[in-house]
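Look at the two complexes coming up: chain A is in both, with chain B in one and chain C in the other.
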Partner chain A sequence: MAEKKRTQVDDIDRSMYDFRYDDADAEKLDAGLTPDIVREISERKGEPEWMLEHRLKSLEVYNSIDMSDWGPSIDGLDMDNIVTYVKPPTEQKSDWESVPDNIKDTFDRLGIPQAERSYLAGVGAQYDSELVYHSMQESAAKMGIVYSGIEEALHGEYAELIRSKFMTLIPPTDHKFAALHGAVWSGGSFVYVPRGVRLDYPLQSYFRLNAKGAGQFEHTLIIVEDDADLHFIEGCSAPKYNVANLHAGAVELFVGKRAHLRYSTIENWSKNMYNLNTKRCRCEEEGEIEWISGSFGSHVGYLYPMSILAGRKARASFTGITFAGRGQNLDTGCKVVLAAPGTSASVETKGISKDGGIQTFRSSVVATPAANGSRCTVSCQSLMLDDRSRSDTIPAMDIRCKNVDIGHEATIGRIGDDKVFYLMSRGVSEEEAKAMIVNGFAEPISKELPLEYAVEMNNLIKLEMEGAIG
Partner chain B sequence: MSNGALLRCCGLSAAVEEKQILHEIDFEVPQGEVHVLMGPNGAGKSTLGHVLMGDPVYDITAGSIEFDGADITELTPDKRSLAGMFLSFQAPVEIPGVPLRSFLRAMVEGRGEKMKNKEFRKQTKALAETLDMDPAYLDRELGVGFSGGEKKKVEMLQLLMLKPKLAILDETDSGLDVDALSVVSRGMELYREQCDGTLLIITHNTRILEHLNVDRVHVMVAGRMVAYGTASLIEEIDAQGFERYEAAVAID
Partner chain C sequence: MQTSAVTIGRASAMPAPTWHFLNMNDTVIEVPAGLAISPSVKVSEPYSAKGAADEFENALADAQEAWEQDHPAPTAEELATREEFLAAEADATYGGTAQSAYQVVADAIEESRSLAVAFEHGVGDEAAAYLRYAAGERVVVQADPGKQVDAQVVVAAVPGTVSAAAIDVIADAGSSVNLSIVVEADADASGQAPQPEGITGTTVRVFADDGAQVSITRTQALDEGFTDIDDTGLFAADDARIDVRQTILGGSATFTGLAGDLRGDSSRIDVDTRYLGHSDRKLDLNYSLRHHGPKSRCNLQANGVLAGRASKTLRGTIDLVRGCKGAEGAENETVLLVDEGVHNKTVPVILCNEDDVAGNHGATIGHIRDEQLFYLTSRGLSQEAAERMFVAAIVEQAAIDAPDEAAKDAVVRLGERLAPGFAELFEEGV
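And then the complex of A and B:
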């Protein structure tokens, strides 16, 4: 008899991100890493002396510590060949018309200006190593909110505040790529939300890496003062090259007393990217951080946003989804530190692997002796779409306090042939049946995303049945 | 139909992982009739239902299936469904994250039917009410946390929405409670009333047949069709069981 025909859920369609422009106009520094390169980056930026010292010290740290010996292999990443600084041929603008055509076209195709018009309170756009656009609605500025490039902020009203916070949550000594970031960081956004100010619309920064063989090292620093409220969205993508690109950004978030911050990310790096990003948040008393995280791109990813619940009754939630397809090894999860009485955290993640992709959920929950009466629940579910793919769960817990309530549950499963048959017996095609099952699996996460991103995620998982959901 | 048969199996044999389960099945179901398939546990009745619908777990090793005048032996389940065949599952699956209504919508749209959302909602709600089903279930995830009776209601709801030419009802699970039984009976009645449907009912439970005019009964033992007859055969089997058929197969 005929072979049984099995079709697959399509791989994520990255064609919408995979376009590139010649970077001949860009100014590039030599590949590799030396004190001279670091000095030159600093000099070009005209930044304060303390920052140059910080960079040089970070470089020393970088040279003195080893690569991590756990997680996916990063042997394909040769630091001597990574160009750490690529300046696009423009200064930062505050209107899209002044941005060079190629770059403007890039962000048009990614839908950034449209999003800005329809639902964002402000946008920052970075192209390779520098911001090319930053703008915020006047109404937000009137509320005292600051949203600008972090480099320009180093010379402004909040320079001292930034100096007191910069790389304190993520010290260069933390790991090799934090040290690298400290040495060559460039670009990124600074947000300051004053006490009691609540912004109804999100701010969004978008990071695009266009240059081949380059690294992107943006630094995002957000301060949400007591009783304030902010939703920040971060997006990123790159065209695919046949050499390694590196992303080692850093995100430092400070959430004040009773303040609230929602930090959403959809990551779509191309499959030659090593995404070694570090994100941390510190929450004061009754402050709340909500992480929403979608990881779809990259060749290799290490990503574990960390919530440090430093104040009494501070709260954290982490909602994440990771989709690892062919040639991808994505090691994602989160860290939670319960460091004060009565804190609470909840973690819910979904992982999908297909076509030989490897998806690992890795988490760390630490309860310090001060965490009396705190609680944390971790739930992770994985779905493997075929026999060649792999999903793992590696939860770690370090509990140093008697009176805490920590729970963990994990399930790993395959897409059920019985479910596919059932749906097909109702006239639904095999692809659509599988997409429906996968999207159903992802639904608890996608419903948390901002609408436009939920749509994007559904498209990523190739759900071709719009109108059928909801 | 000119030659009378909506469904016809000729020498149909099927295996799962090299193990032969169905042996040269010949039978047919004419348009508009009600047929019952009976047999002891493990006779292959459910397998036959699944093979007719195209379950890829089974390999057809010989023979053919003709449906509505076309050979469908090689068709995938979705194509069979579009051709007008329906299988009500003994144990319907659960699909987390997919609301029942979305699934129904995909089912209808898969047939190229364009229906405005409002009209669709109205229709599904009305159907749910006909089956004494709380319309709130339409917004719940498909099958998740549904009782046996509720799952059966969902099956009957789909039957009445799709109005297939042939409905195969797999009710082999004798553990159906009274509630579920009455749901299935009601669904069958409505299906017969509304579209003069053709039924193939796989069951042990003769109570389910009480309100139906059964045209023909087929008896299956050890993967073979061993007897057929009129509705009177049901009473006979009720009284005497399958022993004499099993004995005949054993000698064979």
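And then the complex of A and C:
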């Protein structure tokens, strides 16, 4: 019998992301992490005193706690070699033409200005440690929406609001890289959607890490007031270098009563990136958070967006896909806290691993004693495309309330011969059948993505049909 | 002989840990000071007493030899090619895939090519060693090829003592072993006030050779005040089948751990656990089933009721190791939460290093369904009475399913203490 050939699933084509410009003009601080470096970052930004104190305390925390022992190894990341602050040779612009050519070209090639013209209400672009471009359509501004760099907002009318929220959802004591973020954070966006305002078009921030051996530590703070509605899109990429880069951003989201926030992310960092990002959302009464998350890039990924359902009948949904290829260990998932009566959450994730890649789904669902009448369902499916790869599922549930309904289901396997046979018996070719099955596997996620991201994702998991999977 | 306090840390550790804030990765077993090491263990006759204490080690060594014949070690040339491949991968992928610590450990176990290294105790080596020390001489149950052996071990809980048994089961090719373990309150000491304090425990190793069938039922019906440690390690060769049923009803704290190596082709392990948590009971359950054999099967079912202020942690891991083509692992848990004060933790894990497999798990955690409650309350039962029915049902079912009189008596005695009149009602029902 002729040996069956496995279907080849292409690696993600990163050529569109894998270009870089010389960073000789950029201002860099020394590599490593010391109180002096932290002070210098704060001084350059002209920050209020409380922020400097916050940074220094965070650094103390960073030095006092250990790295987690349960996730992918970060031995390849030497903090002494990471440059925590790289300032591009420009100030933040709101006029695209004023942005320096090489930076402009970078974002042009990534399609950011085009996206802004076609369907976005506002765009922010961060290059290394600083925002280089921020703009918002006039109509959105007239609605009272604020979309700006968080650093400039620290000096404006929302300074006190930011101070009252900043790193309250993600305290520096949460884990080692939250502490690191607290010490050296730079750049990021501040969004404020006033009460009752509903924005029909998304806002988007794009993060580009160009400098070699650098870290990016942007902080995103979004406040959606009662009865308001927002869709926020986050994208990220970097060129590939032969040394480790680090991304340790933080995203803090506050969703008011009856408000709604959709937060979509396509993470496509290069394969030398350690992506240790933290995202957290607090929802008040009948508020809703929807996470759409695609993880494709990075050498190592730790990413678990957390939803804290603090108000009655608050809701959360998490829809995610992770694709781990050669040389990647992507440990992703989510956390849910049901902390009020009548809350509900649903989690649906898909994982694909191939070519020696490791994909892990990790989750926690915690129902506090206050979660009377709450419910949560978690569904997780993993597809193995060869026997050199690995796919692990580690879902935890901690239930401290009697009147809850918690369901969990997970499956791991390859494409079943019976499914291929079924489709073939209905006149579909073998190649088409397999393509249909893999596309169908990813479809619940891709249908939730903005169109151009969905197209990109379909390209990412494009199949070269040849023989049988498995 | 009275002992000093013993703390067994990192007991029942799950192979792939998760966030520490959840406090689920492992547990700590505290043995208080001043207990006497005094096994109160009765072993039924007939059982084959011919087995020597090292029978299990010998069987595993023989299995090692047979396994190595079927799975020859890689040649120097193959090793060199692999090293070359890994080096090229490391160059091409920034040092190679950055494995998690547990993945490195799992690979090291496989690379050792040692069945003894891969053999695990569910509660951990330290707890198993403690129980072995407390038990003294091992009970060895051996079935010759093609023969059937039935055995029963009764461990009585005696206040102020550590009462433990160490049991080895060696089922030769094509044989069948039925082992019933009953862990019961000491009838004389029952109802003593204040609550008696003591430890009971068993550490069981099972070797099921080609085509052997082993069935183990363990019924635990202890009084409050006792801590029970239930440690099991299983090895299944080609076409071997091991069924384990655990019924956990009493005691103040229970630590149950089961680890299984599905080494043989088409080997199978089924675990059916039923538990009742009530009062301030603490239950800690850890299962780890590792598939090596092609077409091996495992099925882990856990069903229980939590009432009062009981807390329960269940770690269930199915590990599909590279090479176990055609294997299927399934895991399912249903928990009924009856009272406000209960605390339930569950972490059903699947680790998968092989594509041609099926791994499934599911968990349902909740209260009595509205339609069930409506049906019962419409027939005049209060909600509380309806919920108590579910608790009583667990005990009643355990008594009905008891493999022998000793197990049934222990369950009925516990039922009577939990709900006076239970014994009479049960006898009428039967």
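Heads up, the rule we're going with is that the second predicted complex is superposed on the first by the 433 of 470 C-alpha atoms of A that agree within 3 Å, B and C clash if a C-alpha of one lies under 4 Å from a C-alpha of the other, contacts with A are read in each partner's own complex, and residues count from 1 in each chain.
The working rule: contacts are C-beta pairs under 8 Å (C-beta built on N, C-alpha and C of every residue); 3 or more make two chains touch, one makes a residue touch a chain.
Everything numeric in this text was worked out from a predicted model, so none of it was measured.
J.: Tell me which partner A:Ala125 touches in the superposition: chain B (first), chain C (second), both or neither.
T.: Once the two structures are laid over each other on A, A:Ala125 reaches no partner at all.
J.: Looking at A:Asn403, would you say it contacts chain B, chain C, both, or neither? Reply first, second, both or neither.
T.: second
J.: Of the two partner chains, chain B (first) and chain C (second), which one does A:Ile358 touch, if any: first, second, both, or neither?
T.: second
J.: Quick one: is A:Val255 in contact with chain B, with chain C, with both, or with neither? Answer first, second, both or neither.
T.: neither
J.: Once the structures are superposed on A, label A:Pro444 by its partner contacts, choosing first (chain B), second (chain C), both or neither.
T.: first
J.: For A:Ile223, is the partner it touches chain B (first), chain C (second), both, or none of the two (neither)?
T.: After superposition on chain A, A:Ile223 lies in contact with neither partner.
J.: Is A:Ser73 in contact with chain B, with chain C, with both, or with neither (first, second, both, neither)?
T.: Once the two structures are laid over each other on A, A:Ser73 reaches chain C alone.
J.: Touch check for A:Glu430: first (chain B), second (chain C), both, or neither?
T.: In the superposed model, A:Glu430 contacts chain B only, not chain C.
J.: Go through the superposed model and pick first if A:Tyr422 touches only chain B, second if only chain C, both, or neither.
T.: Once the two structures are laid over each other on A, A:Tyr422 reaches chain B alone.
J.: What part of chain A is shared between its chain B contacts and its chain C contacts?
T.: Looking at chain A, the two contact sets intersect at 470.
J.: Enumerate the contact residues on chain A facing chain C in the complex.
T.: Of all residues in chain A, those touching chain C are 68-76, 242, 244, 271-272, 299-300, 326-329, 331, 356-358, 360, 362, 364, 366, 369, 382, 384-387, 389-414, 470.
J.: Residue numbers of chain A touching chain B in their complex, please.
T.: That would be residues 1-2, 4-6, 416-419, 421-430, 432-433, 436-437, 439-444, 465, 467-470 of chain A.
J.: How about chain B: which of its residues touch chain A in the complex?
T.: 50, 53-57, 59-61, 74, 76-78, 80-82, 86-87, 89, 92-93, 95-99, 102-103, 105-107, 109-111, 117, 141-142, 158, 162
J.: Considering only the defined contacts, which chain C positions touch chain A in the complex?
T.: That would be residues 16-20, 22, 24-25, 89, 92-104, 320, 322, 325, 335, 337-340, 342-367 of chain C.
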